[in-house]
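Presented sequentially are two complexes of chain A, the first with chain B as partner and the second with chain C.
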Partner chain A sequence: MKIASFLALALIMFCNLNAADKYITKTGHIWFYSKTPMEVIEAHNNQAASVIDIKTGSIAFNLIIKSFKFERALMEEHFNENYIESAKFPKSTFNGKFTNFDKSNFTKNGIYKVNVEGDLNIHGVAKHVKTPGSIEVKDGKIYAKSKFSVKPEDYNIQIPGIVRDKIGKNMEITVDLVYEPFK
Partner chain B sequence: MKKRTLIILASVALVIIIAAIVGLSMYFKPVKNFSASKADITMSSKSFFEEFLKDQSTANSKYVVNDKTIQITGKIADIKKNDDGTVSVLLDVENPEGDVSCALTKEESLKADKYKPGMTIIIKGQCTGFQELINKEVIMIRCGIVE
Partner chain C sequence: MKKLILILIILLPFNLKAQDELANMLDSITKPKTDYASATFKTTRIVTSHSVESMKRGQLEFRVSHRFGSIKSGVDQFWGIDQSTIFIGLSYGITDWLEMGVGRTPNEKIFNGFAKLKLLRQCSGESNIPFTMVYMGSTGVSAAKWSGQGTNYFTSRLSYVNQLMFARKFNEELSIQLSPAHIHRNMVESALDDNDVFSIGIGGRYKIAKRMSFNIEYFYVVRPIWNIKSAYTNPISVGVDIETGGHVFQIMLTNSIGMIEKHYIAENLDDFTKGEIHLGFNISRVFTLVGE
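And now, the complex of A and B:
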């Protein structure tokens, strides 16, 4: 009996050691899009770093602004120098948590609807945001997707009247990440 | 007199057309091709990494803000294929907590097959900054393999 309980304990400890608490990505894909009759704006960042802690249900992002890739040089220059001021504010961050979500689902294969809530920092301005999303847990990986929009003006990004019609009032932001266990 | 007016009108039209062509080509000019342009700065992955580790904001203004083409020589720590088919090369910096991460362009990713961890590689691209959320990593994008 003693041996059995010892073995059980050893097994539990072994499993705990093996199970990762953190899931990470350093090549997450985040892009933004806006369309007006005058202009389509689109830029992709494939270097988003993010961590999900499945024990606490927290999620963090760290985005290097300069990693946003545009097709056109002038648009990329204006984005960095005039609007988001990447020299002054080189990073955008998010720190939040999954709400209304059973944490044990992180280790069970399936597709789940989730809500995420936390502080989004862009251009040196932090705002509390909430967004729905979905996660798929499949064979030890977590696939996370979400789409939400932000208003540039909310983050103190000044857009001159002369180009205001070219840039959408809302920027649509799409998040598409694949997390792997952190070893 | 009539001929003179015609010449003036034609020259004005020509100037407008040239200005429009120059303006539009500037407007639609694609982003700099970092993997094909001449290197502005050449250094080893180790000393490049150490500059960011020491003082991020100085390194940012030196290498990131001005869109310099950076050429880095280093030993391959890891090489992996991303879900979109592109390849990322991680360069060793003689520090277990860090690396230089180089994202190759789609075209350059096709050349990556013959490279394996442990080999020395020279990579050219755009540096965008320093990631510290997971480990410590200098980020390079739009990269090409020099040799």
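And now, the complex of A and C:
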């Protein structure tokens, strides 16, 4: 009995200790953009979930593909049905680490340049990516921003010749999130 | 014993990989919300009859349909292609759940207007609805010159359609729809014909490629007893949808040249088994007038 209560206490303590190191968001803004002379494609997702562990410097993202909103409903339907196949691959994820970042900075107010690298999973294909970004720590919140681009073909997203000129060779992805301490 | 537990507790955090831990944590907070079935059909018609799809808010659909003569007519008529019946229609999504449209068909010079109302949307996740349910109501007015005897009242030119549609997208490939329909004609050709026609339609699609599907539909028309030997037949159509960006092409073989419910369901005369088959196509072009 003593052992059990001690164990429970220890577990609770362990969880609390651990939680204090985590910053989280469920309403991150991630959007992509491509422009060709024939078409502009832009879609926004305001429900990106992400967590940073400031102790280990690791970062993870979880994105529900169907939450991407387009200006044109038909484009959104084609995106889900024909390109990213959201019924088959409903989520996109990223698991990575800050590579050149002093972990103690997470607790000091300021703006810092960071590099992130890790595995980006889109359309069921995982690729190792590296991208620079910036982090602003302000009054206990973390503001993270980054911009990078991906090639649809790298993620096995097939684009038929007839529409190839309408869709950019590179999709520019912008990440803009505000993390709060996880309680 | 205590020591062992202590050691275990100390080791526990190190055993868990930080990466997996974060990923698991995210999984637990991103619970799937209500997931609505989208694109049960590629366009607003299965072949000739309405599907549960409608224009989303701000979308305008321009639709042109052709039905050619019977392929029985042979080389003289180029298997029917020399004669064609053309339907032209426009419809607009007022909201995501209400579409209104107008159309014109050459038979009887009918202009028609319709409203399509989405009543239920198939979804899963937080809430669960197993099918999509849509109501379509339509009124047609014939603009043909009166060739009969006596006075012709305007009301005799009117006909109405009430149609309910229940469709389920079973998976990415297969969707099936049931469409009970009621058609009322204020005036009919003969006293043997009934003003009200009841019918049940079944239709479906199977995706054979990402942008192509095979479609089929059939309407069983309930005829009144005294009309049992009527020359009218039940419409059956098979077709292929081909989607290219904002266009959907539908190419079909059908036993009807009718492109509105009155002609297609209530007054169809051709018999598939006798080779009275028509080639036809629909072209749907969608324009976005108002963005989200």
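Convention: the second predicted complex is superposed on the first by the 164 of 183 C-alpha atoms of A that agree within 3 Å, B and C clash if a C-alpha of one lies under 4 Å from a C-alpha of the other, contacts with A are read in each partner's own complex, and residues count from 1 in each chain.
Going forward, contacts are C-beta pairs under 8 Å (C-beta built on N, C-alpha and C of every residue); 3 or more make two chains touch, one makes a residue touch a chain.
Predicted model, so just to flag it, every value in this text is computed and none were measured.
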Original post:
For the three-chain model obtained by superposing on chain A, do chain B and chain C clash or fit?
Top reply: clash
Original post:
Between chain B (first) and chain C (second), which, if any, makes contact with A:S50: first, second, both or neither?
Top reply: both
Original post:
Touching A:V178 in the superposition: chain B (first), chain C (second), both, neither?
Top reply: first
Subject >> chain B versus chain C as contact partner of A:I24, first or second or both or neither >> reply: both
Original post:
Regarding the shared-chain residue A:L74, is it in contact with chain B (first), chain C (second), both, or neither?
Top reply: both
Original post:
Which partner does A:A87 reach: the first (chain B), the second (chain C), both, or neither?
Top reply: both
Original post:
After superposition on the shared chain, which partner residues are touched by A:V163: those of chain B (first), chain C (second), both, or neither?
Top reply: second
Subject >> Per-residue touch tally on chain A - higher for chain B or for chain C >> reply: C
**OP:** Could you say whether A:S58 touches chain B, chain C, both of them, or neither, answering first, second, both or neither?
**Re:** second
Original post:
Who does A:K66 touch here: chain B (first), chain C (second), both, or neither?
Top reply: both
Subject >> Clash-bearing segment of chain C relative to chain B, given 21-29, 39-47, 219-227 or 273-281 >> reply: 21-29
Original post:
So which positions on chain A get touched by both chain B and chain C?
Top reply: 24, 26, 49-51, 60-62, 64, 66, 69-74, 87, 90-91
Subject >> In the complex, chain A residues that touch chain B >> reply: 24, 26-27, 29, 46-47, 49-51, 60-62, 64-67, 69-74, 76, 86-87, 90-91, 178, 182
Original post:
Of all residues in chain B, which touch chain A in the complex?
Top reply: 26-32, 60-61, 64-65, 82-84, 86, 88, 101, 103, 126, 128-134, 137, 139, 141-142
Subject >> Residue ranges of chain C in contact with chain A within the complex >> reply: 1-2, 5-6, 9, 12-13, 18-19, 21-23, 25-27, 29-30, 32-33, 35, 38-39, 56-59, 96, 172, 210-211, 243-246, 286, 288, 291-292
Original post:
Considering the complex alone, what residue numbers of chain A touch chain C?
Top reply: 3, 6-7, 10-11, 14, 18, 22, 24, 26, 49-51, 53, 56, 58-62, 64, 66, 69-74, 77-78, 80-82, 87-88, 90-91, 93, 95, 160, 162-163, 166
